[in-house]
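Read from first to last, the chains carry the letters A, B and C; within each, the first residue is number 1.
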């Protein structure tokens, strides 16, 4: 056999890398295109598509943390909704406090929202750390207990939110400068939705960059596949868990702010309501896959808006129908994560 | 007299209700290749996993460089200088070959920080890894995956390497490749504990040998001795011997 | 001993538990006479319905180890079955029977489909899917207003004998006027007792033992030769059918069905709370737990009110010790139970006995 030393260690460019699985992306594009004849008017299509994409991006922000936590730690946090609610309610406090400032102009409004987001993320992340310590850590590996205990955590969390902010719905109006829409001909695109979309895309970009370009990201991706091997290579992956859990909770908090502003009102049940939606999204995407979660969220957002326009009665089942359809095609989700 | 790098004394391991290791005693001398032989189900893999802390030893002592390994968490065991190549190779299939190597190199944050000279040497041993550097590891063939698994264990100097049945399911030419690689490691004073069912490979590489049966070590000694004594081989390893000659 | 056979050899095995069960049984048996008043009887009837509902869930969670959030869906199917039949047909026993039978059929089919489709996947997957399905069903119920009465629900009349205005005896019996409500109560009581005993029989049968084996280690069970999917599906189906009957009973009591009487997520959470705090995998846990829960839900709040009055003005505490936030305390108890008392109240009582 050849034992002579090959002098150069630079990687060759000629060998092709993995072929990227385009099918789910095509599905997304296909859905958008199929909607055009169904809806009829281009302007309506533009409005609906943007609304759908914005909604999808918000859902993605919320769900991304959950799917990573599950993929890496094999923990399904049924209490993820509590961080959403926390973020949304923090937003009411911050935005309420900055209301006068925010109404002065577009820049001030954006700044106010940005502040609300930062505060929400910090609080949600902090609570996430406590949640992991007190509720999740004792039940690592015990799936049944996890489901129960995280659900219990959500009940307690929801009640505490009611103690602090009261049990009733609170309005979360958009600051004056961000209300309304830009019009391109007949197509209206709401200003806030553009902001939300940009934030959502930024989060996606940041996640993808972290996962593919940093060592931490490498550890997370490897850990999702084979936790034991990562430990055998000398990494204390359990420490990483805590960080990822806190980050996931912070993202949920951010999503809560965005969702609250999208609905322009907030209730303590907001967590439980969105919970079902994000579970559907991460099942569609493939438990543990960030890209799957992204595409899944966009599909759900688009479908909700398209069916809301075309057949409102069906709209409420569009999610379940989508989930069933995707599972029949790919039982492990759009981008299955190969687990040991 | 070579010092013993790794010592196991009376190690018992329970997995749930199953008592797998019933008092394992053997030593791994520094700078030599120790073969761990035995039939299927003898407890060889369990022994390696117990050393790595993946399964806790319920009784007994494991010492590495004089320090006890019992109860130490797996990452710390690895960080103390032990590399582990499991039976299933533990390749991260969604990551590229490059990323697998970067991960294995604890001191490197990205490709640029890998030890170039060492990498060159590894490519010399396993040219396929250089060829498929940017390929997802899952697309490699079985033999190439095994090479990657070994390469990961040696991409930084380690005091002790535990390898579990590397030759399983591999073509003879690839097995030769592995043997050359391990021989080069021996030259570098790396201590290896190798679990193998392939007796030819064991004969070619082994300095010391420990044979296990039913969760116990039933024979220890020099490899040369065992290699010459066919009746002993027959008694210890049973009929599995002839098949891999 | 006869008691042994009735309870399918699953004795309480603890003096305290036996006492508690006896108290619950007797209290419920004589409720109309011992605790007069509309509210007390309502509480008793609700306790009975919950006992059946939670016990059937214990079959699924406690004995088979499956978490399903669709239990309230089957509860609702039973209730709506009776309600829809009683509004579409002439109210009467025929309507009730037809409605219940139809509901049981629907539940059978649905639980089969859900079971076969999803039980092959990981537990967490299954839990999420049932959550989604139950949520969709709840929306369906409120949307199909022509059929289900939508948000407002359906009010209907009971069969004559079970109607509150039916008073066969002029003179009061033991101080209480016998009317249809009381007959309805005893119908519920009888059905619940019979079905709980049936559940005891099921979980103590060879079938029940296989379920427990699957719960402990499904790989091993499969390796031994049991087709776990089949057993799990059966458990799913049985649990759903019992829940459906519970729903029918509730409908008969309330003479009204709406999306929030049976399908709400709060009820699902209540079931979870009870089964965990009471003691998973015991059936008795469901009995004692439901009784305690329904009592607490209705009367503990008064206690909390007292506490709130006492703590009025105290900044944080007054917000936390108030009847509106009783769920907070229940939630804390629940979390503690899952972690520290996995065997629940029943387990604790039994452990106490062993220490004697």
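The rule is short, and it goes like this: a residue touches a chain if its C-beta (ideal position, glycine included) is under 8 Å from a C-beta of that chain, and two chains touch if they have at least 3 such contacts.
What you are looking at is a predicted structure, and each value in this text was computed from that prediction instead of being measured.
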Of all chains shown, smallest offset between own Cα centre and global Cα centre goes to A
Most remote chain, CA-based centroid, reference being chain C:
B
Rounded to the nearest Å, the gap separating the Cα centres of chain B and chain C is 56
Approximately how many whole Å separate the CA-defined centres of chain A and chain B?
42
Where chain A and chain C are represented by their mean Cα positions, the distance between them in whole Å:
35
Please name which positions on chain A make contact with chain C in the complex.
70, 76, 78, 135, 138-139, 143-145, 147-149, 151-153, 155-156, 159-160, 162-163, 167, 272, 275-276, 279-280, 283, 287, 313, 316-317, 319-320, 323, 331
Listed in rising order, the residues of chain A that touch chain B in the complex are 1-9, 11-12, 15, 17-18, 213-215, 218-219, 221-222, 225-226, 228-237, 337-338, 340
Within their complex, state which residues of chain C touch chain A.
65, 67, 121-125, 127-129, 131-133, 135-136, 139-140, 143, 265, 269, 272, 276, 316, 319-320, 324-325, 327-328, 330-332, 334-335, 338-339, 342
Note which residues of chain B are touching chain A in the complex, please.
52, 54, 73-76, 78-79, 84, 86, 88, 90, 92-96, 98-99, 102-104, 106, 109-110, 116, 119-121, 123-125, 127, 130-136, 138-139, 152, 173, 176-177, 180
